[in-house]
Each structure stands twice: as structure tokens, then as C-alpha cells.
Amino acid sequence: MLATKQEVTDFMRTEFPQAKCIVEAVGEQSATIRHTVGFDELRPGGTVSGPVLMTVADCALYVAILGEIGIVSLAVTTSLTINFLRKPSSSKDIIGKCTLLKIGKSLIVGEVSLYSEGDVNPLAHVVGTYSIPKAR
Amino acid sequence: MLATKQEVTDFMRTEFPQAKCIVEAVGEQSATIRHTVGFDELRPGGTVSGPVLMTVADCALYVAILGEIGIVSLAVTTSLTINFLRKPSSSKDIIGKCTLLKIGKSLIVGEVSLYSEGDVNPLAHVVGTYSIPKAR
Amino acid sequence: MLATKQEVTDFMRTEFPQAKCIVEAVGEQSATIRHTVGFDELRPGGTVSGPVLMTVADCALYVAILGEIGIVSLAVTTSLTINFLRKPSSSKDIIGKCTLLKIGKSLIVGEVSLYSEGDVNPLAHVVGTYSIPKAR
Amino acid sequence: MLATKQEVTDFMRTEFPQAKCIVEAVGEQSATIRHTVGFDELRPGGTVSGPVLMTVADCALYVAILGEIGIVSLAVTTSLTINFLRKPSSSKDIIGKCTLLKIGKSLIVGEVSLYSEGDVNPLAHVVGTYSIPKAR
């Protein structure tokens, strides 16, 4: 059932051609994602926009789920709560680290900590829920 | 203190040149935002991506706040909770309608309902909080 | 399928004998709940404790769901987000008004506004999700 | 500025005489809380009620904050998101473990994992924010 890093990467590239999320690691109910930061990601004042952070978190959650239950294209986010904690660096990649909290038959819940690469303090914290189609 | 629709639009264009959010209405502790839907917004299966919906919600909240307290470039989102309710249409604009729930000295809370244009049922619901700098 | 106010009240009394929530109205995808305020509900400084507010919100959501889909004892809360907006009065009942946002096969989402009786401004806002057993 | 376990326990007993939360540990931006489970805490079917879990989480967050910034009676919860993950045991105490994610001047954010004593899998996960009065 488990999908490998390569399988998840291939799937994400096909399904989400616009996505800039790079799969760094996946497995053991967790995932690590990298997102580069450039003009499109920045807000005035040199900070990364909130929606980019939400994108990275959503992606990290999705990748962790794919790694756990296999390639399921119909998994959809049902809810997501983000707390913004610190101002992101404008010159460092965003790293998202997801840990799954519950793997149910129909709902999977996980949390994601987001970092500017190299920082130990998270810049945002996310909890999200995915709904999984029944016939998996 | 109140900012007009034109002032908010001008401010958003300068501060967020990448943003595709169009201010439809602002005032009386509320705002309505439109976001066009094209290739960049779509996911496979013809649905609008979650981060786009979060972008529209965040934007609607920000515009409602600007309309209420005036142009404050340092207001930042501190938290945001989104519940995805229905699949968005791939061929209709996203409309975000924000109502502010509390206008405090340091925190402003609002809710946003998101719609595919013309639909009466919301496709997502958002509650978010902005932190306002003290010297306003 | 619809449960009446009397049926819901009877069910709540049997299933939740400790609950102090009084069903004021139920139907049309909504519910109104009252909770009296006494020593058990108060914190120092004369304010109603947060968990009491969460109890009223959870109850309002549950009653609205029972009114919509009938008496289902196995519905369980899966997530709940509360924003505290204003200090509750220590001498007025708490009123909770729930509106369902989505009635899905397995998930029901609703929002609840909480008031000190007679006030027009909400003292807290809640969004919550219930999971519904499949064999309903 | 730091408050000890004894100081926090004394403060909680005076300020919240109804509270059943026992401080197990506090310090290093974290806290562990115990809540006994009896008739008042149970729902039909032998599960601990959601509001009890929210109470333990809120208490764990508050104790962690007191341990970090000292005894501040005016700190108030501004928001709280709970995800219910597993059915609690009806015969075990609830243990809440809080870790603070951000200690800002006006806002403190923390997460809490809740367990039935002895279980390694959390039964609920909470993220909450407290507002801190300025003149601390």
C-alpha cells in the first residue's frame, strides 16, 4: 500500500503540474516538503505570503497520506487550521514537516510545522484533515 | 479612518501586484471579493485548488479590515481555519464574502463564505484573525 | 427523518443527564440552545468559562444535526474551532444559535454564534464538524 | 518571572475552585495536566465528553503559559481548535501535554496532545491562543 518517494513525486508532477513542492522525504506516517521562495511567493516587506505557507502545509499533509495509504487521487482536504507564528525569511526555502495524528478509514488528521530552512523555530503550525474515498 | 473601495483597490494593486483578487464591495464591516479561475487555479478533476480558496478568503478578510480601520499595511494574519464544503466549479469565478465578527484594538476576527459565482450554497467557510499594529 | 423539538429534548435528557442545555428551537438546518449561568459556569472576574461556551456550541450543533437527520446517538464531533470575541455577562443565560453549512453523507459542518441573552454582538463563534455513522 | 509547579497549583486552586485539573509538571515552555474521570465527565457509551477534553486542553495551555511568564490572572483564551482522534477510555484519567509554539508579547500559541493515561496514541489534539495583557 505504501508509496515510495519516487512514486509520490511522479504522481504529484502529473496531478499538480503547477505545484512547486519538492518531496524531500516520505514514510512512517510523516513527510518533509521543500518549496522554493521567489517573486511569486513574496509579499511587500520581504515576507512569504500566507497562501504559500498553506500550500506547503496542504502538500506535506497530502504527501504523508499518499505515503501511508498509497496513491489515492481522490483524497480531499476537508479542513485546515493554520497559526502563523513568526515572519518567514524572504531568502530561504520553506520546509514543511508533517506528522499524521490519526489514520482512520474515512478521515486522516495530521499536523505540519513550517520552517524557513535552517531555523529551529517554526514559522507556522497547521492541523488538517483529509477525507479518503471509501473504496480504497 | 474608513478606506473606500478605490483606495483599497489601489493599495492592493501596489502592495500585492501578484494578487488576482478584485474588490467588488467594501464597507460596513464587510467585503466582497472576486477571483477569476483559470489554469493556475485548477487541480486535476476540474476543481479549484484549496490554496486559491484560502487566498480569496485571506484577501476578503484583509479588504474588510482595511475598509473598517483604514489603510494599514502591517496588519498580519495570525490564524485561519477553513472548512471545505462543496466542490468548486471549474468555470466560474470564486466570490468571497467577509463579515467582521469582532473589531478589537489588537485583534480583528472575521468569517468568510466562499461561493462559485451564482451558487447559493457556500463551497468553503473560513474564520480568520488579523493582528493590528498598536500605533494605528 | 426529522426529529421534533420534543423528541430531541427527550433524547438529550436520556443521553446527557448532566447537560444543562435547553432546546429552544430546532429545524430548518438550525437550532437555538439556552444554558443557564450559575456558580459552576463562572470564572473569577465574573465571566463564563470557555469550556461552558464550548459545551453550548457543541450542544447546539448536535441538536441541529438531530433535527436534520433524526435521532442518531452515534454522531460524534470530529473537530471544533472556537474564537472568543467578547466577555460574557455573568448574570445572563448563554444562547447558542447554530446554522448547518453542509449536510454530507458522512460529515456535517455547522457554525454557532454564542450570545449573552439580549446582546446583539456574539461573544464567541464556533465552527464544528460531526461524523455521522454510515448505516443511518 | 517563572512560576513553579507549587505556585501555579496554588493559583489555580484559588482562581478556579471548580477546576479538577491537577498540575503534574510545568516548565521549559510546557506543562502536563491530569484530570480524573468520573460520572460528571462521561457520556453514554462510556466515553469522556468533548467539553471535558477541551477543559483539560485549555487548562494545560494556561498552566504552561503561567509557568513561562509568571502568574498572570488576566490571560484569556482567544481561540482554540480541537481535533478528536480516538475514543477516550472511561476508566482512565485524561492526561494533557502542552508545548508552547510561540511566546509573543501579546499572543502565546501552544499545542496540546490529550491521552487516556498509559496510551501512546493521542485521543485529541488542540491548538490554542491566549492573549496576554500588555502591562505584564
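Structural remarks
Here the chain labels run A, B, C and D in written order, and each chain numbers its own residues starting at 1.
Simple rule for what comes next: a residue touches a chain if its C-beta (ideal position, glycine included) is under 8 Å from a C-beta of that chain, and two chains touch if they have at least 3 such contacts.
Every value quoted in this text rests on a predicted model; they were computed, and no experiment measured them.
The minimal number of chain-to-chain contact steps leading from chain A to chain C is 1.
Among the remaining chains, the Cα-based centre furthest from that of chain B is the centre of D. Averaged C-alpha coordinates give centres for chain A and chain B that are 22 Å from one another. The geometric centre of chain B is 33 Å away from that of chain D, both derived from CA atoms. Annotation: 28 Å between the Cα-based centres of chain B and chain C. The residues of chain D that reach two or more other chains are 78-79, 81, 83, 129, listed in rising order.
Here chain B touches chain C in the complex through residues 81, 83, 85-86, 101-102, 109, 111, 122, 125, 127, 129, going by the rule given at the top. In the complex of the two chains, the chain C residues touching chain A come out as 78-79, 81, 106-107, 129, 131. Contact residues on chain A toward chain B in their complex (touch as defined above): 15-16, 18, 39-40, 43-45, 50-52, 54-55, 58, 73-74, 76-84.
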